[in-house]
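The two complexes that follow have chain A in common; it is paired with chain B in the first and with chain C in the second.
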Partner chain A sequence: MQSVSKFLTSRWGPILTGIVIGILAPLLVKFGNPGNMGICVACFSRDIAGALGFHRAATVQYIRPEIIGFVFGSLAAALLFREFKPRGGSSPLIRFLLGMFAIIGALVFLGCPWRAYLRLSGGDWNAIPGILGLFAGIGLGILFLKRGFSLGRSRAASPAAGWVMPAFALLLLILLVTAPLLGRDAEGNPVGPIFFSEKGPGSQHASLLLALGVGLVVGFLAQRSRFCTVGALRDVVLLRDGHLFYGVLALVLTAFVTNLALGQFNPGFEAQPVAHTNALWNFGGMVLAGLAFTLAGGCPGRQVFLSGEGDADATLFVFGMIAGAGVAHTFSLAASPAGPGANSAAAVIAGLVILTILGLTMREKASA
Partner chain B sequence: MTSAKILDVRGLSCPEPAMLTREALLSLGKGTLIVLSDSATSCHNIERTGKLAGWKAEVADEDDHSYRITLTK
Partner chain C sequence: MSRGIVLFHTTTSALRGEKALKKAGFLVKLIPTPRELSSDCGFVIEFHDLPLNQLQAALNEAGLEFEIHFLP
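After this line comes the complex of A and B, so read on.
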């Protein structure tokens, strides 16, 4: 077992994780997920928010088992390798806000960094301005980090704090399976939540067991290998360390080959699944998301994996994403395949201003 | 023998532990740097950052789930 762990924490770990994601994500599309959305942590958080009734965009409501699997896979790996460690207290409120702004930006692009790379590997060239925006956002975050930005230190926390996310994931699984009608309309008739889309992306999904299984495998591997789609570029620039970058490269190349093999590679800009062609706001949305992820210390997948190993701060970031998805769809901040939403531009600009203020003002005193 | 510089990165999130380690190594040039970490992820990152910069890294796993990484050049 130790040799498996040693392999996964070596430079081969992120590469293996990237290869596994590159095979499994296009397969999830083959078996029912929306196009180029085998895995999208932002879209899936948005779907979960919709299923819980935090927004009423009827086409994007479903409790995605992949996210539940991510949490349990990470939890299992953390427990097995004695890395489950309840901790918290590193600017929790700011992390919640960063989660909100991260998903607001991602939903202007229509995808998190994971989906940006999966869209690219499926031939959706609208992902290119999105990925360039992601790079720009990470670059901005690096500038703030170099100027001394810090969310401060976390401390060991009581076990309860560490178990919040696994308990939440279990609750989601129960709600997914039972879909109870807990609400009442004006006439007293039972009504959601839980809401499940009857058409649109929310209605497209692989079977529960397959999606959960993929989530478990990816969660386990990614917890061990520390796979991170934002740390990938950040560490190359900041630390001259390509360790995580090769994992993302492996993901893109493997997903490209898998998409080709499955007949899912459709190159072009027009008529791409769950995507729009507005390059400016594909770019702008991902600048905001990339900056938020960098300031929070990792991509949305990484935040979910950290939440599974007891990190209460990462848990708050994930809750921020779910709340932010509710805000994005209620206030017309999210884009749709028709293009950016009525208030997408204003949201991205406001988000960038707020995160710049945070980036310039939050400091940890020198410790050495 | 000069006294080793100690860098405490306990509780800091990615990428700060590795970034601060790299900055400290570049500013030291050579000698010994001891980094205190409380996360396995950070510990691996610090070890790798040190090695990439040409330093030798030795990790001591303390009893309380913390790590003491000694970097020498």
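After this line comes the complex of A and C, so read on.
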């Protein structure tokens, strides 16, 4: 066990994690998940928001077991290696907002950074402007970091704060398995939530046990190795350090090979699964998302793993993503395969203005 | 050769610490936080064989909170 841990915490850890994700994510597509959506933390948060009734987009409602697995996998690794540390207090409200804007941007593109790379490896060339946008957003975030942007330090918190996310994940699992109808219509008949899509991406999913199992494995590995798709680029730019970035490269290459082997590599721009061809807003959406992730210190996957190891600030970011998904689909901010939503452009521009104000004004003061 | 690490509470503090130490003429390097020290993915400053008291003085002058660790 110790030698496995040592390997995972070495420079090889992120690469191994990337390879495992690159194999498992296309397999999840093979076994039922939507195309190029083996894993997508943004899409899955959006599906969870829909299942809970926070939005009524009937095609994207499902409690995704992968996310539950991420939390428990990370929790298990953190408990096993004594890294479960309840902590919080680093601008929680702002982190909630960053989570909201991150998912609003990601849903204009239709994917988190993980899915952007998975779409690329499946031949969806619309991912290219998205990834360029992600790089631009991260670059902007780095400029703010260099100017002194900071959310402030976190401090040790009571254990209760650290257990909120694992408890929430357990609740989601119970709701997924029991699928209760908690609402009542005008006549008093039971209706959702919980909602599960009958058609569209929300209805496409691998079996519960498989999805949960993949989530657990990836959550465990990622907690140990610190795999992060946003930190990867930040470290290359700021530190000239590529160890996280090699993990991302490993993910793209392995997923490409796995997709080829499974007959899931379909190169082109048109008719890609759960994607649109508007390059401008594929780019713009990911600029907003990339900036939000960088200001918050990690990609959405990483935020979920941190929330599993007791980070209450990351938990608030994840809750912000779920709330933001509700807003995105209720106010027509999210895109669909037909193209950007009616208010996608306005939402991205407003988000960039607000995050720029935060980036310029939230600066760390010297304590002396 | 003794390898030291300066830990900060935030990424931004680490960037400021690096600036302050380089300005004071120290040869230091910003690196990702070593995995064995923390699961946090921020930055730390690495140094080799530097006068500890002068290093601390420069960081104190910059008004930064920090911790110094020595690694084998």
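Remarks
We take it that the second predicted complex is superposed on the first by the 366 of 368 C-alpha atoms of A that agree within 3 Å, B and C clash if a C-alpha of one lies under 4 Å from a C-alpha of the other, contacts with A are read in each partner's own complex, and residues count from 1 in each chain.
As a working rule, a residue touches a chain if its C-beta (ideal position, glycine included) is under 8 Å from a C-beta of that chain, and two chains touch if they have at least 3 such contacts.
All figures in this text were calculated on a predicted structure; none of them were measured in a lab.
Taken together in the superposed arrangement on chain A, chain B and chain C clash.
Of the two partner chains, both chain B and chain C are touched by A:9.
By the document's definition of touching, neither partner reaches A:199: not chain B, not chain C. Chain A residues in contact with chain B (one complex) as well as with chain C (other complex) are 9, 83, 90, 145, 150-154, 226, 228, 231, 235, 238-239, 241, 243, 297-298, 364, 367-368.
Interface residues of chain A, counted against chain B in their complex, comprise 9, 81, 83, 85, 87, 90, 145, 150-155, 226, 228, 231, 234-235, 238-241, 243, 296-298, 313, 364, 367-368.
Interface of chain A with chain C (complex): residues 9-10, 13, 78, 83, 90, 145-146, 148-154, 223, 225-226, 228, 231, 235, 238-239, 241, 243-244, 297-298, 302, 309, 363-364, 366-368.
Residues 9-13, 15-16, 30-32, 35-36, 39, 41-43, 60-65 of chain C are the ones touching chain A in the complex. Residues 5-16, 18-20, 22, 24, 39-41, 44-45, 48-49, 52, 65 of chain B are the ones touching chain A in the complex.
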